[in-house]
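Shared between the two complexes below is chain A, which has chain B as its partner in the first and chain C in the second.
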Partner chain A sequence: MTMTDVAFYLLSGFAIWTGWRVFRVDSMIRATFLLLLSFTSVGLIGLLLSASYLGAATIFMMAVEMMVMGLFMVMFMMNPAGLNPMMMVHQHRLSIVAGLLIFAAMTGAVLLTPLPSDPVAADRPVLRDLGIELLGDSMLIFETAGVTLLATMLGAVVLSSRRGRFGPTDAGSVPPGLSAGGPPAGRQPKGGGSHGGHGGHGGHGGQGGKGAHDGHGGGGSHGGHGKNGGDGNHGGHGG
Partner chain B sequence: MSLIVGLPALLALLLIGLWAAAALDTAIGRLIVGRPVGMAATDPLRAVVADYLRQRTDTEAPDHLNWLLAPGYYFLLAVVGLALVPFAPDQSLIALDTSVVLWGAAEAVVVVAVFLHGWSPNAPFPLIGAYRYVAIGLPVMLLSMFVLIAASIPAQSLDLRAVVESQRGLWNVIRQPLGLPLFLAVVMSLTLRGPFDYADSADLAGGTSAEDGGPRWIAWQTARAAMLVAACAIAATAFLGGYLGPVLPGWLWLSLKTLAVMVAVVLLTHLVPRMPVARMLTLIWIVLLPIAFLDLLIAGLGAL
Partner chain C sequence: MTLSAILIVSAALFGIGLYGALSQKSFVMLMMGLELMLNGSLLATMGFWSLALGGAPKGQLLAIIIMAVMAIELAIGFALIVAVYRKRQADVTEALETLAR
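Up next, the complex of A and B:
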């Protein structure tokens, strides 16, 4: 057994163990990053198997994806920060049956398929071949899949974020005022929707405005009433 | 290079780099605010001892494992980055034909490590720092991707060894003048410094490390400095010709260039103010990212 074999078995074991732990921990953030560890092990196995680009790209993509996924889960679910214990699995009986069936099917497929033995020559420009494939014959497939996935992600965010905390977000929902009938609490996004589409994610609560600090109103100044369009709306905590 | 010789050499260089980073940061910081420089070379070491003896604090119901591991991840990523840097022709500890991509992966995992460091204490300031950093750290990583791809276009390879060799005639910093300034921003974001320090800044009472005391604090600051060394070495390799240079041996040239980049980063850290998060996001997406596209365009036209 060479060092590569040892590393392969260790990484495979770690990938399986972390994959199992994903379903045993009680927090979304922990589950997310355990999944990342599992994928990272698979990426490192890719590096071992001379798929140097795909291995490194797997780690790269999964790190970003898991980070974003963890944040979005925390954002859209009822358990902010994910430190409070919660049950991460449900429909136990159905999922056990489904899991066993899928495991049997996939294992069967692997064992029954006559896998080719076609070692790649060491001097073959694998990276170049991959680039030609991605931007040549398969370009249409990859571009179609990419745009479809992007549209799906945007659609999912739009659909799931419509019902905001203070009513439908597209109906100009605002938080209630600090005093009865007063202006809405918190900073207001800049008027006219001129905010850069990418920049501030205008709809999400406190991100929109330009002034970062509430409550800097010095010398008894009393900001926050009247016009809402200003750049740095002070939160009305007169010094 | 064999692992038995290479790894101790690399760790020794990293140790010197860590000390240099801490001393530079102290000295330049004091110079800029007009205080006497004093014993800037030994003060960081004294601070380490003092912090080690300080009372150890804990929060309520933290994630102990991740709190412990986060500085380890961060440090490990720095070691991986440094191991990808060639010290002489064809001599890097990790010999990989896609080292630029692996460095990109390390950058992506840095965001995860910093987030976990802020998330695991289960306390408000670290958590805010963690979320804020992700919002800034992810788009900054896009900048890094574009400038590093631009740097590897003249080499026609994603291998840092080939990237250095392609700079024998002309360094990338002259061939692609926009690359290095943008990458300095990336370095500051990776090491939580100055205008890009949205994780550990003073306005959050220390952000993700607000609850760190004693050894935890030392571990996190050490990892930060290690990442500074690694990222500066990558910058020197990708834009300043790495080990290339007359008379002196290659590793010494690389160290000098790394030190030069480090001085620039530390100066920027202390001289450039930090913006509100929303304004910084606008700057990154509306200004810096198009400049990175331009850099890629220049590199592509240069290659044609």
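Up next, the complex of A and C:
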């Protein structure tokens, strides 16, 4: 067994272990960094496989991606630091069985299939070949990937925009209920709750606005703009 | 280091990712599962390119396409998370039981 083999098995075990720990730790930030370690291990395996460009690109790209993911973890998760035990899972047994089944099926296919063997020659200029390929025969594919990424950027901006084609994207937003089909969870605005924009409560438009600042505004989010009952009626659209 | 060993490792990563994508309630954790599945695919592609294709450059091109898919999945996924949160104030899959409200 050569040093390359030892490094491969160590990196493989580390990649699998960190990948598994991603879903077992309480801290979401730790989960993000564990996923980054798994990606880094795969990138290093790529370096062992003579794919120097792919290995390095994987490490650099995933470092940035995981930082973004960590940011979103802090924004959206209730327990980013792992101060409390947390296990936010559903259909757990089914998921375990599905994961094991797919692993067993793919492993069986690998072991039963006669795989070709044609390793990269040690003196082959793989980076030069890749460059010639990207700017030669496969330029159209490469450019298509670039245009797709541009379209992705535009789509991401449009999707996450605060203002959509038909008005504010959070109009009528209400928190989900604690039970299926139940009433919205969380605090409700004082100025009439989720119906804060109705005419009868129009005079409380200012209070509806306060509720909107709390993030539970519901229909009151527009009532907040109102100075009188008329504008409170406008808020009724949101409800 | 054989192709079979690399493919088995990639199958393990894919299986763990599938477990995460199916089991996690949080959107962000669900995306982590998807990323792990793509991680396994990327490793399998690199293994095939290195040990079965003789270093043909089109194999590396396929791996680059997989990396582009990873980036697209992450960007659009996070944009969808933001959009769903704006509309439903939801960050878990259970909050999206109905498509229309």
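Here, the second predicted complex is superposed on the first by the 120 of 239 C-alpha atoms of A that agree within 3 Å, B and C clash if a C-alpha of one lies under 4 Å from a C-alpha of the other, contacts with A are read in each partner's own complex, and residues count from 1 in each chain.
Please note the rule applied: contacts are C-beta pairs under 8 Å (C-beta built on N, C-alpha and C of every residue); 3 or more make two chains touch, one makes a residue touch a chain.
All of these numbers come straight from a predicted model, not from anything done at the bench.
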{"item": "Which of chain B and chain C A:68 touches, first, second, both or neither", "value": "both"}
{"item": "Which of chain B and chain C A:29 touches, first, second, both or neither", "value": "first"}
{"item": "Which superposed partner A:53 touches (first chain B, second chain C, both, neither)", "value": "both"}
{"item": "First (chain B), second (chain C), both or neither touched by A:107", "value": "second"}
{"item": "Chain B versus chain C, judged by how many residues of chain A each one touches", "value": "C"}
{"item": "Touching partner for A:148 - first (chain B), second (chain C), both, neither", "value": "second"}
{"item": "Touched partner set for A:8, first chain B, second chain C, both or neither", "value": "second"}
{"item": "Which superposed partner A:132 touches (first chain B, second chain C, both, neither)", "value": "second"}
{"item": "Which of chain B and chain C A:118 touches, first, second, both or neither", "value": "second"}
{"item": "Residues of chain A that lie at the interface with chain B and also at the interface with chain C", "value": "53, 57, 68"}
{"item": "Chain A - residues contacting chain C, complex", "value": "4-5, 8-9, 12, 15-16, 19-20, 22-23, 28, 31-32, 35, 38-39, 42, 45-46, 48-51, 53-55, 57-58, 61, 65, 68-69, 72-73, 76-77, 88-92, 94-96, 98-100, 102-103, 106-107, 110-111, 115-121, 124, 126, 129-130, 132-134, 138, 141-142, 145, 148-149, 152-153, 155-160, 162, 169-170, 172-176, 180-181, 186, 215-216"}
{"item": "Residue ranges of chain B touching chain A (in the complex, touch as defined)", "value": "61, 63, 66, 96-98, 101-102, 104-105, 108-109, 111-112, 115-116, 119, 122, 127, 131, 134, 138, 141, 158, 276-279, 281-282, 285-286"}
{"item": "Chain A-facing residues of chain C, complex", "value": "1, 3-9, 11-20, 22-29, 31-33, 35-36, 39, 42-43, 46-47, 49-55, 57-58, 60-61, 63-65, 67-68, 70-72, 74-76, 78-83, 85-95, 97, 101"}
{"item": "Chain B partner contacts - residues on chain A that touch it in the complex", "value": "29-30, 33, 36, 40, 43, 47, 52-53, 56-57, 59-60, 63-64, 66-68, 70-71, 81-83, 127, 196, 198-200, 207-213"}
